[in-house]
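Shared between the two complexes below is subunit A, which pairs with subunit B and subunit C, respectively.
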Partner chain A sequence: MSAVKNSASGPKPARGPLGRLWHAIWADWDLMQLAISVLLVVAIGFAPLVIRSPYYLGILILAVLYGYVGISWNIVAGFAGQLLIAHIIFIALGAYTTVVLYTRFNIMPWIGIPASGVVAAGLGLVIALITLRYGLKADYFALFTIALMVALKTLFLKWEFVGAAVGMGLRLNEPSWEKMIFSTKEPYLYIGLALLLAGILVQFWIYRSKLGKYFLALREDEAAAAALGVNTSLYKTLALLIGSAMGGIGGGYYMMYVTFVEPPQVFDLGLNVELVLAAPIIGGLGSLLGPVLGALINKPLAELIRGTLTAGRSGTTLIVYGAFLVASILFMPRGITGLIQDGYLRLKRRLVPEREEEVRRDIA
Partner chain B sequence: MQFDTFLQTLVNGLFIGGVYGLVSIGLTLIYGVMLILNFAHGEFMMLGMYVAFWAFTLGGLDPYVSVVIAAALIFLLGAAIQRGLIQRVLTAHPLNQIVLLLGVSTLLIGLVQFFWTADPRAIHVPYETEVIQVGFLRLSIPRMVAFFASLVTSVALYVFLQYTKTGKAIRAVSQNRDAALLMGIDVKYIYMLTFGLGAAVTAAAGVFLTPTFRILPTIGQSFSVTAFVVVVLGTMGNFIGAFVGGLIIGVVEVFAGYYLGGDVKIIASMTVFILVLLFRPAGLFGRKRA
Partner chain C sequence: MTLLEVQGIVKQFGGLTAVNDFSLSLDRGDIVGLIGPNGAGKTTAFNVIAGFYRPNSGRVRFGGRDITGLRPDQICKLGLARTFQVVRPFGALSVLENVMIGAYARTNDKATAKAKAEEALEALGMTGLAERAARDLPIAGRKRLEIARALATEPQLLLLDETMAGLRSAETDEVIEMVRKLSQRGIAILLVEHVMKVVMSLAQRIVVLHHGEKIAEGQPSEIVRDRQVIDAYLGEVESDAAR
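Coming up: the complex of A and B.
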């Protein structure tokens, strides 16, 4: 009962467990974002009942993937404020790890995808150690990651073992659960949703934990955080490790879904914008709901515009994402989630004006 | 490697390096004045190349003539982008600045691809493959012209910055924004002007390359990366450092191309870049570690 009393949900006591749950969520914006994210996941889970067309299901699958990858970047860039611009390297490395394990060593993606996370985290750790050792910060760190992307692209273009310039693909002749190869789109969607849900929960847990507070401290003022005794090197490394591991796993799943990978396709700043940056920026960088909401809005919208207004001409998706990024930064730096939060706070204030009076009296 | 091959490779490297230098001067100028990394830098170059292409295809204008049109147009575009977009994020988190510029870059590439397709274009001028023989050196005319035109443009910009009142104002803003403001310099105007100038010289560099380079919507991206390498090498914000850095990277790339093959040469400049970032992040001309 005390939880209900403390919540800003008005004088009426809640009845029943559902009512109490609702009050707890309503009182807490973080929980509210979590609840909306989970509801969105559930709603997408039911989408195949309505959406039958493989084309639209494909868009939905990519939106789910973008949401998940967006979360992995949101933790590094949005929470910890690290200028990890070329996050795509982890997705690329994850994709390559999964396909190499599958085609060269016959290791199934159920093991290959987690292994991709480990490999990508290894690269994340190397990046963290190198950049921390030499004190690369801000702009220089951003440039370092981009240089690494270009260098890796060249390396993979020449490396015969990973298919060099030809790239690598999956043999699709025999669909089976074991190989994570399916003839229909639905299983891909549910695997993606499981990933997304895990991502949402991990992100929420980090945000609410002490770890998340340290990340935010890094983002807001690194020098001040260090002065207050926060081990900034440790938390930068942890942020990179978490982001790269999650990115690598996303890359493994991306591989299984698109079934083909080649260096210019994945080590690419254009794909980086579409796959990594767009969803969190448009949805609201640093928020919990941002990546999920952003991905579910921008991917379908970009495809819709490409399919209908411009008859599939090349360049349309780039225009849409570019315009989205520019507009988000200029007109809603807190993204769509920021707009929703403003609405939520206004509604809350209107519903419980007397509580606000009380709070004001308390502060005075 | 024979001495004549060595010299020939060196000259080829210096020729392309001069163009890198001009592109990097644009980038370093913008960074020096408003402390912003222009991630859309290569796109101004790409747009300059398209202006030259259309001037050549529709109006039959030689690229060495249309460079004036390209520079003027891209100057206006750059100034408009600075005033309309970048000015608003100058005090924002660096991530917001980078994302905005990546957005601009993506948007420009998308628009060019949309209207002019992703097909490679080329300008076929009569002197495309002409060479002059100096001793045992074979000097490609368009490459040589690109080098000297870049050099002249760079020197002109340098003289402008050193000796004109506006140039001095630009340098004043880059040295101390607040002091410049107090001295009555219109800092916002200087920002706009600087960004326009940086974009314009980059577009000019692109035009100088059109006789020998294929034109693609995404061609700017690789030049952006090269320019980042060069400005870090030559110390961010350092004008002469950018040109010298351009020459160095040009030579490194051409020699790497000679030894490793053309498509791997970028790994050499990336190696230089990563080494400089790690061991001398302030660059060759910086006094202390950044």
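Coming up: the complex of A and C.
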């Protein structure tokens, strides 16, 4: 390790602080991904200077939300390898928690959204306990989450307190920061970006820590992980708790932005694919950059397809969008981040040719 | 003091008795070989000792403590580590990260885990491979990685399940030397092995399993002359070698 690192950072020792920072980032793919993610967040932050149309800003806001929610799913499915297919249940529960607290108890979303995270984590804990108790793994685990989504949809359709089949909406009079209700799009964008940035940092911290390495070990080989001292039940539960809490928070924010929620809208596999699964899959599941990059491609693309094709036969949108998802899974199994990483490694090898030779010598 | 004490363990799968009334004891610094024909129950015995299977009856004591029924991760933390016969690297992770996951059994600190992992890699002569993806390693490298990972958990007892199978002769000699060094550091070793050269040159004591039962136990020189062992197993090895 040290030998390889030294040779990579050897040639030009004299640099300014910025040069050293760049060099540290360049040498480390994780840091590269973090840097690109943060740059994207900053770039989106400046977008309102160029993009004035509320329609396009709206797409950007949802892309930012998709990126954040994508990160929450990436930690459970991409890092820990848990096939939590119907992650949308946490977003749905978060949305309902926020709107119920706001309309029924007059609790502001600044408290309601974190509370949504807690409620969603409660559901995450219940799922963890049930699936561990009955040993549901992989595809059975996935089916369990889908079944739970259907059950919750039925429950919410009948439950008068949360609006039953009518759903629940926000009273939109008197916009204010206190109520997190705005007449323009920009404040929503910046709140979303703050959420996304927090998600990016949390994801990075997890990935680099013991917690993240244990998650990866679970994904790669559960038995081997157990043999090396990983308490597999505990770490599966932790992954679910983190993913569901983050998802619930995202759901609360989603509620404030879309202002209305009803059971068929949020307990829905179609929305689940678009809102949760697509970004990490297109971007690269299990990578740090994947959810952010995937969301920035997925949401505008989905809108574009919807915008251009809806005029024709209905359903064309879904066929084209679905075909795109399938194609990206087939031709980019590691997502766009995988392609970027390959390019990065090739470039790095060309710039530091002695590194490869050294490794080859070690193998021989 | 007895480090590992296996007392009459029985493991049945449905109607099949894989391990029957198997006992074994092992002290600090011992190297014990567990041999026997395919299907004799060696790996099953390993799985019971390391907590992957719960025995139908019998007890396993480690360091004076009853560990029967504990989970594998708990047993690992008590100082009993194992490797797998079919290697199970975390393929997408680097060699260093693989070993760090072992080292994290003893620490929450990244820098400490990394230092310990580098130490373990050095002991296995893998320092130069640290940054490689584990899935890119050839089989000899993967086998070493199994040992390095287990070593990083700082075990008092290491269970090695056919670590030398599939290695070339020179590679085997290297690994034998490494295992011997580990033993000199005070780590007790229980090894399942088909390669007789390995067992004979490493083990101070050999236990022979056949149809799930212990049919012999003794020094290597006694075992090779044991009529029952020759009939059940060693004859088979000679025919293997002739092939």
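Observations on the model:
One rule holds in what follows: the second predicted complex is superposed on the first by the 335 of 364 C-alpha atoms of A that agree within 3 Å, B and C clash if a C-alpha of one lies under 4 Å from a C-alpha of the other, contacts with A are read in each partner's own complex, and residues count from 1 in each chain.
The definition used in the following text is that contacts are C-beta pairs under 8 Å (C-beta built on N, C-alpha and C of every residue); 3 or more make two chains touch, one makes a residue touch a chain.
Nothing here was measured: the structure is a model prediction, and the numbers come from that model.
Of the two partner chains, subunit B is the only one touched by A:Gly81; subunit C is not. Of the two partner chains placed by superposition, only subunit B is touched by A:Ala323; subunit C is not. By the touch criterion stated above, A:Ala138 is placed in contact with subunit B alone, subunit C being left untouched. In the superposition on chain A, A:Ala223 makes contact with subunit C only, not with subunit B.
When the two complexes are overlaid on their common chain A, residue A:Leu304 makes contact with neither subunit B nor subunit C.
Look at A:Leu285: by the touch rule set out above, it reaches subunit B but stays clear of subunit C. Of the two partner chains placed by superposition, A:Leu129 touches none, neither subunit B nor subunit C.
Here subunit B and subunit C are compared by how many residues of subunit A each touches, and B touches more. When the two structures are aligned on the shared chain, A:Ser209 is found in touch with subunit C, with no touch to subunit B. Contacts of subunit A with subunit B, set against its contacts with subunit C after fitting on chain A, share not one residue. Across the interface of their complex, subunit A is touched by residues 50, 52, 71-74, 76-77, 81-82, 84, 88-93, 96-97, 100-102, 104-105, 108, 110, 113-114, 118, 127-132, 149-150, 153 of subunit C.
Within the complex formed with subunit C, the residues of subunit A that make contact are 1-4, 208-210, 213-214, 216-217, 220-221, 223-232, 286, 358-359, 361-363.
On subunit A, the positions that touch subunit B within their shared complex are 77, 81, 83, 85, 130, 133-136, 138-140, 142-144, 146-148, 150-151, 154-155, 157-158, 269-270, 273, 277, 281, 285, 310, 313-326, 328-330, 333.
Remark: subunit B residues 37, 85, 88-89, 92-96, 98-100, 102-115, 117-118, 217-218, 221-222, 225, 228-229, 232, 236, 263-264, 266-267, 270-271, 273-274, 277-279, 281, 289-290 touch subunit A in the complex.
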